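These are the structures, in structure tokens.
Both complexes below contain subunit A, partnered by subunit B and then by subunit C.
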Partner chain A sequence: MARLELQHVCKGYDRPILDRLSLTVEEGEFFVIVGPSGIGKTTLLRCIAGLEVVDAGRVIFGGRDVTRVPPYRRNAAMTFESYALYPHMTVFENIASPLRARRMDEASVRKAVLEVARLLRIEQLLDRRPHEVSGGQKQRTALGRTLVAKPDVYLLDEPISHLDAKIRHELRRQFHTLQELRRVATVYVTHDYAEALSLGDRIGVMGDGGLVQVGSSREIFERPNSIFVARHLGQPSINEVPCRLSRDGGALTLRSLEGSLSFAMNGSQRTILEKVRGDVLVGIRPQHIHVANGGSTRQIDNARVEAFEALGATGVLIAETGGVSLTVLTSPEENFEPGQPVRLGFDVEQFLYFDAVHGRNLKA
Partner chain B sequence: MARVTLTDLNKIYPARDRSVHAVKDLNLTVEDGEYVALLGPSGCGKTSTLRMIVGLEGITSGTIAFDGKRVNELTPEQRNVAMAFETYALYPNFTVAENLAFPLEVRGLGKAERGREVARIAKLLRIESILEQKPAQLSGGQQQRVSLGRALIRDPAAFILDEVMSHLDAHLKFKMLFELKRIHRSLGKTTIYVTHDQVEALALADRIAVMSNAVLQQYGTRDDLYHRPVNRFVADFIGEPPTNFFAGEIAEDQEGVALRVDGSGLAFRPDASRTAALQQRGARQVTIGIRPQNFSTIASPGLQTVSARVVLNEYLGEQSIVTLEAGGTTFRALASPDLELSHGAPISLYYRSSDVMVFDPESETFIG
Partner chain C sequence: MSQSNYRLIKTLLLIFLGIWLVFTLFPLYFMVITSLKPVEEINRMIPTFWPHTLKLSNYAGIFADPGSLKSLADSVIVSVANTALSLLLGTLAGYALARWIRGAAGENLAFWILSNRMFPPVAVIIPMFFLFDSMPWGTDSYFSLIVLYLVFNLPLATWLMMVFFRDAPRELEEAAYLDGFTPLRAFFRVTLPLVFPGMISVAMLCWIFAWNEYLFANLLTGTTVKTFPVHIPTFTLGSQSLWNLIMAFSLVAMLPPVILFVILRRYMVRGLSLGVVKG
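So, the complex of A and B:
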């Protein structure tokens, strides 16, 4: 039983990767770290596990300072993106290895391994060796070995990222319902924002030097504190339209620096921007622009189709209006031809506004 | 430019104890200028097929023809196909421009001509600004472009792209999708694209060949695969989140034909146009399929209804995936992220009866 605390942790190689990072993950909390590849997510996990020695700061498990404690005495279980399975051992023995190290009796080992294998649907593979199973099955074996260990802290590094869509959805659901994970602190690393939003009780978005924002799924997606966070979450990416505020008499208008797109600011939007000086980077999520057929949205502009792709459950339209190219999320059942005129409706209340220089969210 | 035809193509890897039949009786035509994706899970035979087309792998039986001309015996160079790989395989000590020019140098083109070609390809791929840099200085996305550029510069009869985007971050991937499509449009070259990622295949290809267990399952457009999957495998493989399947039986009540899910009160209404075909079947047992995105939480005329309880609501930003339970069966639906659905909450879902797919539980083929 443990909560995990990091206090002012520093770690760097040729550049600082973790710069005075502080974080508390409560007992039973599922904390997800998301960020671009190469930003230092795995380094952070390795510092918690003790596989890297921190340059400064403290790592605390359940009140016990483990900063100078070697990894095998920290009671943290970690999965590696590379699986790190023992090639000469069967899947069963791989999963059982942390229990063997603890000299658990045979009957209890069997019971624990079978339980976790059933959960991960690899019961039928227990007698095989790693080279005889697929990549996805290896990943599940590695996950099984971590789950069976019943540690104080789970550290999961991209545990489902190499699996195909079907198993990924299945395992995501299991992460939600696994009681085992609800007893301890879990830190889960992924580059996939959808996975982060789905799984995290809280999510930390990692940027240069550490966590740029920590919050619930809705907080970080709907109220990102900076353009960096907004950019990293969402697919297709958020539309970024650099704009200038103009005040004509009583009216407040945002005009795009390039082209001639403009938005009249009213109500709450106006309140946010009223005191702002200088330029504003307007962030518009693709799902907040619609191909208008009725008149429900507040502002509608004429546009021209540049490209359209029907993907899985969504369609992605790129359309140009007022000299600005915008990405719009549509139904996959639509069909648009390049050059075709369309009318775009904007959910102006959903717009995000960022400081044009520092990228800070002006609403926050 | 080439039309690529595969006729009764087979690939068997002999082995002492158990030989592996990697590609079975494959028949496939890629029209001149067409963009075709070979899609399937790992081990389905797509890479073996690709390697036979390129000439990197011997053909056990069958014919590969370019523009009607048999190429089985030709070397990769003679076939004049260009291939870009998952790994970029760039020369680390060459600049981007030198990497691009290399295939031309091998073919003995003069310096001036090489320079012209490099400039043309760099413009097409929008990498003019990095021509003097070395690969190590480039981001993954830029390296991928250079690797593509090197394949494009040879002016081949066909392009073969092997999992070229699987190393890219999701954001880059998305940009590259539109980029590849744009490049294909402007070049109009026959392109065969191998991937395990359905989003890439669906977005890029004119037609998609879905393979499984060495066998071509279906060859068609995105629309065909989504709305008229030939079997359960295709219906299951195409679509994310995955299609919901239920074991059930054909029943009749006052309102007509119903598809009752075994062991639960849940029932789906098939499309009126399909009821006759369903009623004529001897067997009553069926597999019912419906995609998560085909459920709506908004009622509208002509839609059918099911009632369920919320088990799990996964907020994903643009949408939510809701796991539901009805009469002991669980399934998934896509919903608006604005809905606050808590565990145990009752919910009504609406669907079009034309979106209900019915499969034979034995043969797994599509009935209607």
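So, the complex of A and C:
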């Protein structure tokens, strides 16, 4: 039972991967780190686990400075992306491994392993070897090995990314309900934004050198602090339209640099943009554009369908207007033929504006 | 490819394999029948390929001869001790090279160790003789042969074990650290079982070398210690070679490696293919 603190952690190989990264994960908190692959998420976990020695900064478990403590004395448990199950041992022995390290007596080992196996519903597999069980079962075995250890910190590295969708969903639900994970600090790494939004009490979006933004899933999704964060969260991903502000007497208008898309700015939007100098990158989430049938929202009439994908629960429409391609979320029942003219409505209130040079959110 | 062409190629391959089989098995066959022939039949100008008389007296002679038995015992002592040492030191060194000595230093060190196998052994015979002669244990001792064979077996064992350790996933060891095992306990619990088939292969290769080695054994030892390859020439008398005894003795000496190979074949194949197919 401990909170996890990272203070100004630095780690680099040929280039800095973690640059003065500071983070506190409270006891009982489920903290999800999301970011593109190769950005250093696993390196961060390995630094917390002690598998990598940090170049600078401190790692603290519940007030105990473990920066120079080797992994086997840190009391952190980690699942590996590859599961890292011992191939020469049964599922039972794999799960029992942390208890064997503590030289626990046989009866207690058996009791603890059975308890965890029942929780994860793998008790019928205990005599099998890792190569005899499925991917989802391997993952549960790996998870069992971390749960049985009752560590101070849980580190989960892409635990469900390589499983098929159905099992992924089931395990995701399991992460929600596992009380063990809710008692200690958990750091969960994934590249899948939906997993992050679903699971995280708080989410950290990782970019070059460290965490770009930390916040609740709602904060991160609705108020991304930069185009990098906005780009990484959401499927289909956000429309990015580089625009120039033009002031014509009292009117303030955004005109796209390419093509001829333009929006007149009023009300609160206008207040945000009034002081801005230079170009603006407008971010429009696909769900904030819709196919309009009359109605009063701001509309563009001259759009044309480029492609349409019906994805079961949603439909994704790609429409072109004024030389700009936009992704639009629709209901799946609708049907669009390429070339067909459509009328698009925009929720201008929901637009995000980013600094064209640095990508900073101008609302924040 | 048409069906008939396929058949033709298959038939030709089978014929070729048949010839190859005769070619490789004939010496063995000739050894066996020679070991069962009486002396008179061996000395014929045209050898008999289908012996007229077969008798086991040659084998009885071997087992009744204290010199022959002692030479086999000496071979067992030298080869087993040498294999155990090669395996122990080679495993430890291979692990160190694979995991802990990184970068160019490790690469060069590993290659330098292997390069000890590259010079012709004859080149070091004379210096070795004088070196061992000046040692307290002298040349003619178990210890001298056991240590000398390390010169050849240890580089091989180190190099092969290093390759096996490199192919054993590092993450499994790291998982063991996180379970709470110290590096030493993680090594015995996780890493060593992973390379176990490899160790069996290495042990077999080292042991066969030490078992069959003649050149150095003949030069260094011969009185107090006499391994079986050194004992074989003693069946050659001034006027004639007792081929029946030589063959019988050689066949007896061949048995241990053959039996061991049959028993350990499962591990040997897995060990030698470690790293070829990554699972």
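Going forward, the second predicted complex is superposed on the first by the 357 of 364 C-alpha atoms of A that agree within 3 Å, B and C clash if a C-alpha of one lies under 4 Å from a C-alpha of the other, contacts with A are read in each partner's own complex, and residues count from 1 in each chain.
The rule is short, and it goes like this: a contact is a pair of C-beta atoms (placed from the backbone, for glycine too) under 8 Å apart; a residue touches a chain by one contact, two chains touch by 3 or more.
Because the structure is a prediction, the values reported are computed rather than measured.
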* Asked: Looking at the overlay on subunit A, is there a clash between subunit B and subunit C, or do the two fit?
  -> fit
* Kindly classify A:Y188 by the partners it touches after superposition: subunit B alone (first), subunit C alone (second), both, or neither? => neither
* Kindly classify A:S97 by the partners it touches after superposition: subunit B alone (first), subunit C alone (second), both, or neither? => second
* Based on the superposed arrangement, let me know which partner A:H88 touches: subunit B (first), subunit C (second), both, or neither? => second
* Asked: Touching A:L51, do we find subunit B (first), subunit C (second), both, or neither?
  -> second
* To do: Report for A:Y353: first if it touches subunit B alone, second if subunit C alone, otherwise both or neither.
  => neither
* Give one of first, second, both or neither to describe whether A:A76 is in contact with subunit B, with subunit C, with both, or with none. => second
* Asked: After lining up the shared chain so the two structures overlap, which partner does A:F308 touch, if you call subunit B first and subunit C second: first, second, both or neither?
  -> neither
* Given the superposition on chain A, which partner contacts more residues in subunit A: subunit B or subunit C? -> B
* To do: Look across subunit B and subunit C in the superposition and give the shortest C-alpha distance you find, in Å.
  => 8
* Asked: What residues on subunit A does subunit C touch that subunit B touches too?
  -> none
* Which residues of subunit C touch subunit A in their complex? -> 169, 171-172, 174-183, 185-186, 189-190, 193-194, 279
* subunit A partner contacts - residues on subunit B that touch it in the complex -> 41-43, 169-171, 174, 177-178, 181-182, 196, 198-199, 202-203, 222, 226, 236, 238-242, 291-293, 312, 314-319, 321, 323, 332, 334
* Contacting residues of subunit A [partner subunit B, same complex] -> 36-37, 134-135, 164-166, 169, 172-173, 176-177, 191-194, 197-198, 217-218, 221, 231-237, 285-287, 307, 309-314, 318, 329, 332
* subunit C-facing residues of subunit A, complex -> 49-51, 70-73, 75-78, 80, 82, 84-88, 97-98, 100-102, 131, 145, 149
